[in-house]
Amino acid sequence: MNILVLVKQVPDPEALVEIAASGRDLNIEPKFSINLFDEFALEEALRIKEKHGGKVKVISLGGPKTIEALRTAIAMGADEAVLIEDEAFAASDGYNTALVLSKALEKEVFDVILTGRQAIDADRGEVPQMIAQFLGLPHVGVVVKLDISDGKATAESSLEGAKEIIEVGLPAVFTAQKGLNEPRVPLITGVMKAMKVQIPKVSVEDLGLTRDMAVPESSKTRIVRYLPPKKRPAVQLIPGEPREAAAEAVRLLADVERVI
Amino acid sequence: MDKVVVFVETKGDEPRKASMELLCEAAKLAESGKFSAEAICFGVLSDALKGRLLSCTHKLVRFTDPELAAYSPEGYARALAGYAAETGARMIIAGATGIGRDFLPRVAVILGTGMVSDVTGANWFDDPMTFVRPMFGGKVFAEVAFPASPVVVTARPNSFAMDMPQGINGEYEERAAGSLAGAIHTRLVRIEEAKGDTVDLTEADLIVAGGRGLKAAENFKLIEDLAAAMGATVGATRSVVDAKWRDQADQIGKSGKTVSPKLYIGAGISGAIHHIMGMDTSKVVLAINRDPNAIIFNYANYGIAGDLFEVLPAMTEEIRKRKERG
Amino acid sequence: MTMKVEEKIAVNAMKNDTKSHIVLDQTICAGCRERMCIAVCPGHLYSLNEETGEMVVEYAGCLECGTCMIACIYGSIAWDYPGGEYGVQYRYG
Amino acid sequence: MDKIDAIVVGGGLAGLCAAYRLADAGRQVILLERGDAPGSKNVTGGRIYVDPVRAYLPEIIDSAPFERHVVREMITILDEGSALQFEYGNERWRREPFMSHTVLRAKFDSWLADQASAKGAFVIPKKKVDDLLWEDGRVAGIRSGTEEIGAHVVIAADGALSFLTQKAGLRQPHKPEDLAVAIKEIYQLDEKTIEERFGLGPDEGAAGLFMGSVTRGMFGGGFLYTNQDTLSLGLVVGIGSLIHDTGGFDAPGLMDGFIERPEVQRWVRGGELKEYSAHVISEAGIGAVPKLYTGGMLVAGDAAGFALNLGLTVRGMEFAIASGVMAADTVVEALDGNDVSETSLSRYEKRLRESFVLPDMETFRHSRDVLDRQRFFTVYPRFMCELFDELFTVGAKPKEGLYRTAKRVAKKHVLNMETLKDLLAARKL
């Protein structure tokens, strides 16, 4: 069983994210980790390997620092890792990201592609499905349980609360949702091993692409500027006797806010 | 005129709310004369629902292929992208529901274009069009320009007003995408509806949470009753969990769960910062506390400075009454 | 004007375990008059729950100084560092 | 897995220096740090004095990411509602080699970790060490979670609380009287504002000390350091004093009272709070230093109680760096001789005696006893403030002569037996 796991290095969930004075950039505290959902994907890949044998290979697209995320993946138990090193593509939109990754995947032999349902930085949740489409593969999204046997997979997908049990032939793409598993913490010995591993790097030219494809001017979509979230307005105290206030609160929630 | 295709997601006899919001938005766009709007739906369609949809859109196209009776990302993507390509659509929009977000990326790739997901705002008349969407779990928003064509968008529910258009009586068309059978490689074996009627806190749209102000474990009944009346999930503060009034799974806050529901109602909660950090991304917050200086009011849209033992049952009753009235 | 201590703590990067790294022996606490933990904790994390009569520690805001453990001469506070990956992560120090 | 040469527990200055030195000597060393990165759990006041440590980190100390070199010392004596401030500066401090630098640990320690990694040390964060492994009565490795790693030597550099020294039976549980708690706030101000407000040139820094009523008579004081674009402000209070205090003050309240003083606000106003931290410091001097070695294990830095509070200067980081390096040198020698027994490792203490570490700790053996006299934090500050109050006050009544004023105020506060006792005690400093 050859399992490929796509991971993204993202700012640590606790990292400070501020909009630069220009409004065109983000100042992000330089503290990174593997995208939470990709950790579920990697853990699942390791479990499939432990059950069925095979090999887990981790692929990432990012700048030079992304090596750290790949080392963590190896420390957790991945057999191999490769970095597609390109800051411009990594910072580009979902389409470009999916394009690069699918070019890299075309060169691989695999039964399963696992990745997170979305990255916690851009929050797009587009890339895995786009990759599946580029490669002409089926996908099952937001997977909370995955069983592999005899060249096919049975996955529980939790797109909308209810669980859909879906069967699919391999190879296929699966996107991991919280609840799929509890990712392991790398062992000290694993980390030591990972520190010594040479991780190969690939450039976008190696994949038959050119760097100018990723510049904002030639991208399908591009971020123009960043905006702060809307501040909650000052509290509106609802006056009156408890019964009146309660009735008014329900009216506001139902008719004005339309949340109930 | 630029054609806008709205994918209408239906569940039984009901359209998804996000789809209806987009239909209304598309109808508004059509009024401008710059756009024409169409709705696309797959699978069975009752007459009642058909009627409702036709009153909101100038054209409703239903695909009759049996393969589209159940959702499959490959089948849906192929049918929707095929129609968009064939009819030269300028824009394909869908609600950012689980299904919408799952298959629209495929539509984009088939059409050789990009997409913006989960938008909360749009400038349809800009050139290029721009959209606003959250990043980093809502810590910042990005304004995204979309120079490529067609434009593929999923929109977050509650982002566009549902102002029903007047005087529309759209035409209805049935089509078949054809040759889908070989294109779909996933098979839906069965659907297991979520157990019970409560959703996990982190996924819940509506949350009613209680704190120390409830005074005793048994008083959580008041919270549970209100939650049941509105179909909400029950949450709690850490001190309440510590006092073993509620299970750890109900704990909202830094050491518990981070929630971002559409509505958070907090009763008898003073507003310890650890709790606030777990709920501050809620869209609408109603706080009920006897102490008008309670910190939680600083983080609320609405506040009732009153006795929760009176307010909660009154709210429960009011919601039940409204439900009965329909 | 001054920030509340819990607002100050909220400025820090904190990663919290769902399990507390501070465990109190309520039988010892019940016999304690001084409640020195309340006064010494720089995070003001200790309080008495008036309804239950039990001591409560809001471990999620812990700055990991250990002062409470040292100050509690009755030995009620079982205190360990939070596990790796958890707890406060100072950006300046 | 075969035993590795050495495991260092704790990514502070002592641990990182030990790992750096061991790796530099070609030894296989793992450093385990429980935080997300070395430095992420560490707090200093802080200022580091360079001269004592230059010999221990000769190749790298000059490239260290210091904040500002200190050119001015400011002392503020506070009474309720009044304060006496004075400064000491020295032209020599403005020229290289600089004597001391302000420093922030998250940045400094991660730099030091990079140096250690570059030498080949395995610096592994997010790993909390839970216990020691034993073999034939000797420490033989560590346990972290479910994982056991064998090592010839363990260097415990696990900070002031050091659970490992206690587990190894090298010290008794901590006593409240032996430790102080430091609370620190970081305020952001831009560089220019800091330089203008304090009258500093680029990269020049100031250090401030506050004593008197900020601690409400308790053992301790306040500090202020200028960093590149932040201020470090904090308060140190003896835990023993805090728990015996009957004034009803709590630690965060004392900190608030300190920050709100106008003498402090003049420096921080307009600054944005960026961090709120707390840490304990050993205050007991050599009296609280544990046994420093046992078979297979050495103790370094704060874990060894290496910290001195001399009132005007608080020192710890220099001891940490020096002891970390000496621990590593001892281990290298022991491994070379294939002998990590208690006797072999006892050479660590010999090294410390021959360096400045133990002699300094010894010289100031009584400093805490002397300083921990309530009058230092109440009576003398009041005397000073009142004296100046009288000198500067011009009222309707005829003013008495300077000498008469001084004598009268001194009589009221300090011309008594208690002062004599304090003076006699102070001879021990």
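Before moving on, here are some points about what is shown:
Labels A, B, C and D are assigned to the chains in the order they are written; within every chain, residues are numbered from 1.
Operating definition for what follows: a residue touches a chain if its C-beta (ideal position, glycine included) is under 8 Å from a C-beta of that chain, and two chains touch if they have at least 3 such contacts.
The model shown is predicted, which means the values in this text are computed figures rather than measured ones.
Farthest from subunit A in terms of Cα centroid separation is D.
Of all chain pairs, the one linked by the most C-beta contacts is A-B. Centres computed as Cα averages put subunit B at a distance of 54 Å from subunit D. With centres set at the average Cα position, the gap from subunit A to subunit C is 35 Å.
The distance from the centre of subunit A to the centre of subunit B, each centre being the mean of the chain's C-alpha atoms, comes to 21 Å. The centroid of the Cα atoms in subunit C and the matching centroid in subunit D are 23 Å apart. Multi-chain contact residues of subunit B (touching two or more other chains) are absent.
The set of subunit A residues that touch two or more partner chains comprises 185. Shared interface positions of subunit D, defined as residues touching 2 or more other chains, are 36-37, 126-127, 144-145. Under the contact rule stated at the top, the pairs of chains that touch are A-B, A-C, A-D, B-C, C-D.
Residues of subunit A touching subunit D in their complex: 12, 31, 185, 187-189, 191-192, 195. Against subunit C, in their complex, subunit D makes its touches with residues 34-37, 39-44, 104-107, 109, 125-128, 144-145, 160-161, 163, 174-176, 179, 181, 183, 185-186, 230, 232, 239, 242-243, 245, 249-252, 255-256, 259-260, 273-280. Those residues of subunit C whose C-beta lies close enough to touch subunit B in the complex are 4, 6-7, 9-10, 14, 16-18, 20, 49, 51-52, 54, 56, 58-61. For subunit A in complex with subunit B, the touching residues are 11, 17, 19, 26, 93-95, 98, 120-130, 132-134, 137-142, 154, 156, 158-169, 172, 178, 219-229, 232-233, 235-238, 242-243, 245-247, 249-250, 252-254, 257-260. Put simply, subunit D touches subunit A in their complex at residues 1, 30, 32, 36-37, 122, 124, 126-127, 144-145, 147, 149.
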